[in-house]
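Two complexes follow with chain A in common, the first pairing it with chain B and the second with chain C.
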Partner chain A sequence: MAMTKTAGPVLTNGGVPPFQEGRIKIRVLSKANIAIRLTMLILAVLTIVGFATFNYQGVHLLKGLMSTLANFKTIFFQPQFAHFTLLEAIYQLFITLSLGVLTTLIGAIIALFLGMLAAENLSNKTVSNSIKGFVAVIRAVPTVLWVLIFAVSAGLGSVAAVIGMSFHSISYLTKAYSESFEELNQGTIEALEGCGASWWQIVCQAVLPSSLTSLISWTFIRFEINFGVSVAMGAAAGAGGIGYDMFMDSAFYYNLHEMGVITYLILIVAMLLEFMSIKIKNKVRA
Partner chain B sequence: MRSNFLMKKRLYSGGILLVLVLLAFGAASMTEFSLAKCFSSIPKAIVWSLGNFYPVADSFAKLPDILAKLQETLLISIASASVAAIFALVFALIGSRVTKINNFLATLSRLIANIFRNIDVSIWALVLLFSFGQSSLTGYFALFVASFGFLTRAFMETIDEVGADTVEALRATGANFFSIVFQAVIPMSVSQLISWVLFMIETNIRAATLVGILTGSGIGFVFDLYYKKMDYHSASLVVLSIVLSILLIEQISNYVRRVML
Partner chain C sequence: MTTLLQFKNVSKQYGNSTVALSDVNFSVNEGELVSIIGPSGAGKSTLLRCINRLIDATSGEIIFDGADMLKINKKHDLRALRTKIGMIFQNYNLVERLSVFENVLHGRLGYKSALVGALGLYNENEKKQAIKIIQSLGLNEQVYKRCDQLSGGQKQRVGIARALVQEPRVLLADEPIASLDPNSSKVIMDHLKNICTTLGITVLVNLHQLDVALNYSDRIIGISGGRVVYDGLPANLTDEDIRRIYGSDPEALNLIIQKPKEVAQKI
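Our next item is the complex of A and B:
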């Protein structure tokens, strides 16, 4: 190493490049690496731009955070009923759960058919692609907007809420179902076709039985999501249930104690549902 | 024997069907939902939206206003997902089976992420409304907390999947925690992690509309304003701008994913 420093860049070694001191390059700047770095850079820049341009409306960040922490303390450590009893709260909770059940069932039935049409091994490529595109557009409209749009003609309430919430369920489940159907071995379908089985026979005797477990697992995961959605719709779009009580407590009564009760109830149900869906998922995988 | 098997199968599927129908009826009577009204209101809604729910020349005058709010909402969604990703990475590294420091910290970090994830974003928005009012910060923190909960779980699963063998090998050579994390775990999972962040941004934009309606900020507030004024033409323009921006962002992130993975 000392040699390279004293020898200087004269032509030695018969023109062979001199020994280079330094580290071996272990990272190659491939296209993927450039994409990763660029994405991170862009996200960082946009985050900074965001913080610079936010509409703060004179809210003091630190003061706000401190008071939020104080509010959390009230919510989690001093929950207390004021406007309704435990029984009524549980009744409202069941309404929210029922909205989730209805949405999931309607979504599952419609998605079952759309999923068959969207699965490439059960239909042709044009139909499959157009259904997938249609479903992507449906998903681009936020759920709350679907509910509010339907509320204009159906009136605020469970009908508008269930229809509006079903759109995203249909879109989500169609994608999940069609992917489950596509997992079926192509040989099975060919063998049945060779026997002269009709499309319905193939679907009912081969496709549905073999993908049933994963369909159930996806449906339950969606139910878990729909519970959260119907809480939100109760708060934002007048769908009723526990979400509406929470909205009233926050926006009109300013009652943090009762919000604490509601938060605990929702948290318990959400965790129970998650626990069940993990159990179902494990059972399906095994 | 064979007919017995088929009989059992039919009884079983019939039983499941019965349970589902009962469940549906129970839920419908609970919420006063009627399928007939549901079917009759869908054509009504289609007729109504064809007649009223499209932008007219008048509503395009409000476009600059809408676009300004849309930009704010997009930036909030991106900022909350990116900042949450940093916190989520730390919690995921502590909570993951592969890289955990000790069992106590791992359980604690899983518990925190669990609570944050299972409380819906609408609840966070309503709680934060008390201290931050109608500013962008309400939406930002609500989305931040929800993103944090979701990303921690997603990151944890990614790290669990990617790292187990490599981390074991490195540990056997005597590498310490930081070199394991920075030389193996993060480089191996970084593209997956970014893919999750992009997904979170898409989700956040949808959730931002909801949060905006609840807290009176961003694009959701603009929609709510026109909606309540029954200015449906302008409201439809808001919906259109949201849809276009979500589709655009989906395209961009799909492209990034293709190049990256």
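Our next item is the complex of A and C:
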């Protein structure tokens, strides 16, 4: 019968014989694929060449590794107080935490307003782009560097740390906030404008309620970052707190036992913060 | 019947080349339900948005309630006039995270000072009025529900409630049933018709469904390429008119047109 006529290759594959030679490929090699493979290859070659041509200068790799592990053993398995008590350590931890809270708070308040101006749906394109560009430049420089830059005028210490950390928090949160604001559908803003609502009414009645969850989680993420940075600032900028004690233990007393205690304390706080952030997020979502 | 809204030689141009509306003239009487039909991109949405100045027309006059909308420059005056114009949308455009009640009360924001409105303070009269409207739209059980828990038809009814709470003179509906199933579509169109006949609010509705337009409207305005190509009663719409509006034959569009008013009379 005419119906049983089989369709030739011309009909199935535009004239090209379909999948006839060799194995069938799952992926077609595209430009992006080739670029990824080349990058991986170059990185692998560089790593091997690097290790082969290091100037070790008399440091024996294996011996060095062993003594590092021995130090880790002292830090993590034999923690012990030497120069201060637990109560004093907790007090210092609170100083570090306060530094984190203060800089996050300053950053959040200023970033809330900057974020509104930077959000394309609440502001005009010129203002939005110039703020976003400015903030991107600030963010590109690490927090520690900003603290050191401000230390030139304020001197090393807590003032430089607060200003520098707030500065970076503002730029980080401005970007995060403005992106949260932009998630609100343009139509909703249009609808409220059509009702005769003013800009502040739209912000307070539509934009903020819609983005509250992400605002809170971004702020908390920044707080976790700021806690970590303020530990480092204690050492690097002399801002005080638990970081300074750690610096003294490692660089002056060379007391690895006490360093272990501090490491554990910081770890506990970090885990508590993580736990709290999950709780807060769940509560706000519900 | 008095004329509520009048378009005089209204044009809208985007950039230098794209013409959305060119030389549009028509008028709408108080208490009419007017459907605006036309293919996608014909300028239907632009036309509606020109009325409440969500889009500024390039030239011409739009006389609403005796005042030329295009001549209003002060923010305060524009807000005051916008309270008289309710609008509902294809995508509802509600604040999804807030409750039905809060969304409906947003319709009152135009009457409030910036601060009072921003804080979300409404007086008891406004709340009572809002509840009454919510009930009349059959949303009693959803008053305190968050809007993201509602179905499409319910969301559109919240949109209507938000517009009605404004106590508008005219209600603009931008493809209100385009994302709804036939049942919900009928409910929404019935509500719009009801608003028009019982509350005396003028309704201007953009539609893609020609049969719905024929059944529900007092008058049809056909738009094609930014121009008004038909303005008249649904009963007088001929095949030739449909061809001019949509650029193809009614048979090709596979339209089954019932006798106009047949459905509307059943309501």
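What we mean here is this: the second predicted complex is superposed on the first by the 243 of 286 C-alpha atoms of A that agree within 3 Å, B and C clash if a C-alpha of one lies under 4 Å from a C-alpha of the other, contacts with A are read in each partner's own complex, and residues count from 1 in each chain.
The rule we apply is simple: contacts are C-beta pairs under 8 Å (C-beta built on N, C-alpha and C of every residue); 3 or more make two chains touch, one makes a residue touch a chain.
Keep in mind the model is a prediction, meaning the values are calculated, not measured.
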Exercise. Is A:Gly187 contacted by the first partner chain B, the second partner chain C, both or neither?
Worked result: second
Problem set entry | Dominant toucher of chain A (residue count), chain B or chain C | B
For this session: Please indicate which partner A:Ala251 is in contact with in the superposed arrangement: first for chain B, second for chain C, both, or neither.
Result: first
For this session: In the overlay, answer first, second, both or neither for which of chain B and chain C A:Phe51 touches.
Result: first
For this session: Answer with first, second, both or neither: which of chain B and chain C does A:Ala140 touch in the superposed model?
Result: first
Seminar exercise, completed: Contacts from chain C onto chain A in the complex sit at residues 52, 54, 75, 78-83, 85-87, 89, 91, 93-98, 102, 106-107, 109-112, 114-115, 117-120, 159, 162-163, 166
Seminar exercise, completed: Per the touch rule above, chain B residues touching chain A in the complex are 20, 23-24, 26-28, 30-34, 37-38, 41-42, 44-45, 47-49, 53, 72, 75-76, 78-79, 81-83, 114-115, 118-123, 126-137, 140-141, 190-191, 194, 197-198, 206-207, 209-210, 213-214, 217, 220, 223, 227, 232, 239, 242-243, 246-247, 250, 256, 259-261
Seminar exercise, completed: Within the complex, chain C is touched by chain A residues 185, 187-188, 190-198, 200-201, 203-206, 209-210, 212
Exercise. Within the complex, which stretch of chain A touches chain B?
Worked result: 31-32, 35-36, 39-40, 43-44, 46-47, 49-51, 53-57, 59, 61, 64-65, 67-68, 71-72, 75, 94-95, 97-99, 101-102, 105, 136-137, 140-145, 148-150, 152-154, 157-160, 162-163, 228, 231-232, 235-237, 240-241, 243, 246-247, 249-251, 254, 256, 259, 262-263, 266-267, 270-271, 274
